[in-house]
Every structure is written in C-alpha cells, then in structure tokens.
C-alpha cells in the first residue's frame, strides 16, 4: 500500500496509538491482578470485608 | 458586613508584611527572575529589550503563583480557618477578602516594581507603561484564580509548588492576554481588544475564584 | 435499573464482569473495521495520505474531551449527591482521559509536521488542548497527594469542575480565533463538511474508541472498587492486630 512521502509520520502516529492503548490495557489488567491477589492474601490471613464476623 | 471583611483584610496584610509573611520574598523572586534572564539569553541587548515585557510578565506570573502557598493553609494550621467558617459573612466573601489582602501584599508590589525592573532590561518607556498597566489588570486575576488552588490543597503540607502547578493551566490564558495586550500596545496596534479580554478574565476570576475556593474549603472540612 | 441501584458496588461489579469483555470485543471489531475502511478510503485531495492520521487523532481528541465531561458529571455526583460510585468513576476516568489527550497531542504533532511544517504551533486550539493535558496531570497529582480517598475525591471534583470551563474554549477556539488548526468539520450547524468516504471510517473509528474507552473505564472502576476493599481490609487487619 502506497503511503506517500510522509509514510513515516503516518506509521509513527498509528504506532503511538498502539503503544498508548496497549499501555492502558496493560495497566488495567495488571492492576486487576494486583488487587485480586491482595484481597486473596488478606482474606487468607483472616481479613474479610466489614460486616463479616472474622 | 464590611467591618468583619475589613478586619480580615487588615489582619492578612499585617501577617503578610511581617516576618515569614512572604510579601518580600515574592518581590525578591521577581527580581531574581528578571536578573537571571539576561544571563540565560546572552549579551544581546536589543533582544533582551524586545523580550523584556514578556520576561516581566513571566516573573510576575511565577512570583504570583509561587506566593499562593499559605493563603489558606496558614489559617488551617493554626485553627483560624475554623473561626472564619463561623464568621457572620459568607465564606465566599471571606475568601475574596483574603484574596484582596494577598494581592495588596504580593501582587500590587510586583506591579509597582515592574517598571523599575523594566529599566534593568532596557525596555523602552512606552512599553513600560503598557506592561505595568497589563500587570495591574492581570495580577488580580492570578491571585483570585490562585484562591481556588490554595483552597483545594489546603490540608496538604508544604504545598507551595503543588498549588502553583495546579493553578498554572488555568492561569495560562491570563498570561496570554496580558502579554498580548502589552505587545499590541507596544506595536501601536489596537490594544483595546486584548485589554478588554484581559479585563474580562480578571472580572471572571474575581467572581469564580472566591466561589470555587469557598466550595473547596467547605468540602475539605468534613 | 436506576443509577441508585448501581450505587451498590456489588451490583456494579457483577455488571462490569459482563460489560468489560463485551465492550472490549466490540472495540476490537469496530477498530478493526475502522482501520480497514480507513486505509481503503481515498486520500485527501489536499493532504494526501497523511489524512489517515485523522482516524486516530480526531477520535482521541473526542475521547479526551468527553472524558473530562464525564469526570465533571462524576464530580457533581461526589459534591452534590455524595454518590459512592461517583468518586470511583472520577478516579478511574482520569488516567484514561489523560492518555487519550496525550495521544491526541502526539498524533496532532505528527500530522502537523508534514502538513504545516511544524510539530507544534501556539494557536488557540493546540494551546487549549495542552492546557487540558496539564489539567489532567493536575487532577492525577491531586489524587495521589491526598491520602484519604473521600477528601481526595472532593478536591479533585472541585478542580475538575473549575477546569470544565476549558472544554467549550477548546471546542470553539477554532471559531473564535483565527487558527492554523482546521475549523470544525464534523460537529457543526449545517452538518459535516467531510466527504462521506472519509467520514464513515472516522465515525467507525470514533465508535471503536468509545467502546474501548468504556471497556477500560469500567475495568478501571472495578479495580478501584477492589482497591478500596483492600484498603478497608488492611485497616481492619491493623485494628485487629492492635487488640
């Protein structure tokens, strides 16, 4: 596909979009894993949510 | 209604000019910025004279923003903020009174010092007048906008730089139109429009600032 | 289901579990379709091939602005109604909006260099979007600086509402001032001025970005709710250890 004389800029723009979106997805996914793990550890140690007798 | 507000203004003014109040420091910072810029630019006297008005605005801008520290947090720390909540005047007017005092103590001296520092930069007389006038119109806008940042960060310790950073994005238009009015006046073009814009920004922040600051203070309480 | 029901984090989590993957898949499909349409569309007669940057730059801009409006609505929820999910919504949306704002600025610069000869100019549109990015950074800094989540939410809410004044300035900047940036060509009275062959891929990409935003936003809200649970559990554990 011919992208013309400014192909570099077009590629850079789409690459940036991919990187930014990828970073957002990674952030959300990794944060999710971290929170779930933290909650599991705390529940195992007898944490539990408020209102539940420990 | 006037008496309590006048008392607040007087109290804040006294606190500002006494030791640790910060009024003098703002002026010294302004001087420091203006003195340092020619070293950074290099020995190009015509260039320095041309950017002089912008440098004056930049110095006043930074000095105003960095001086917002302690606008409310000083009162928050020693408990007088709680007393101000109980004052027989609306919190918005209390905030406005403190803003007025702060401008009189830190903003107005910048305006007075500006033409003198302009001479240091070699700015020509007509430009000096334009800069001073635009600063006179613009510095109240900076102070009253700064009320909001100071109120939002009231409970944070050592928040000086932080308040400046929070306030900066919304203060940019004030800088743009202040310098724009100055440049237009210097170039001899119709300066009326940018000046009116700058003035309307000031009036806008004179109202928005205290209102938003009062809201922020109320919400920071509970 | 009225919004009040969603105030129950439990119900929200159940909803998120279904919606996040759904929006993610929808986003993938729409973005894929948008990319295909975008690169099969004709080049612009003036701008040539670089017009294809529009298909990421413009949707990113719309998301960046829309997110601030969403944050402002959440701010009202926090300040006026004390809706518990409003805090979570505002905190989750902020980093996503900031990222899309940055993407808008960068893709804009990459488009401006071949088109205008400069990566950056200080015209009204670019300056006001840069100001928006600085405001995003300010809100993010505020969230980090204040320990107590409720206090942080209220402080961020005030800043968000004050910063809302920037949004109409961005939108109308190209009308009010003579700017290098192109005037409004999609959302304007009298209809769009973009040729349908270019408008269709743009709208498809915009919908794709919107679906992507929703997937990320709901997932981030879910994470924030879990984070608060972790915090509460820590506090309870510490209290228990003291006894």
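Labels A, B and C are assigned to the chains in the order they are written; within every chain, residues are numbered from 1.
Basically, contacts are C-beta pairs under 8 Å (C-beta built on N, C-alpha and C of every residue); 3 or more make two chains touch, one makes a residue touch a chain.
Since the model is a prediction, treat every value here as computed from it, not as a measurement.
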item	value
Distance-to-centre winner among chains (Cα means, whole assembly as reference)	C
Distance-maximising chain from chain B - centres being C-alpha averages	A
Separation of mean Cα positions, chain C and chain B [Å, integer]	32
Separation of chain A from chain B, taking each centre as the mean of its C-alpha atoms, in whole Å	41
Chain A and chain C: spacing of chain centres that average the CA atoms, whole Å	16
Shared interface positions of chain C, touching two or more other chains	none
Junction residues of chain A, two or more chains touched	none
Of all residues in chain A, those that touch chain C in their complex	1-7, 9-10, 12-14, 16-17, 20-21, 23-25, 27-29, 31-32, 35-36, 38-39, 42-43, 45-50, 54
Contact footprint of chain A on chain C as seen in their complex	39, 43, 48-50, 52-53, 56-57, 60, 95-96, 99-100, 102-103, 106-107, 110-111, 113-114, 212, 216, 219-220, 222-223, 226-227, 229-230, 232-234, 236-237, 240
Chain C - residues contacting chain B, complex	79, 127, 131-132, 134-135, 138, 141-142, 145-146, 151, 154-155, 157-159, 161-163, 165-166
Residue numbers on chain B that touch chain C, as the complex places them	148, 151-153, 155-156, 159, 162, 165-166, 168-170, 172-173, 176, 208, 212, 215-216, 219-220
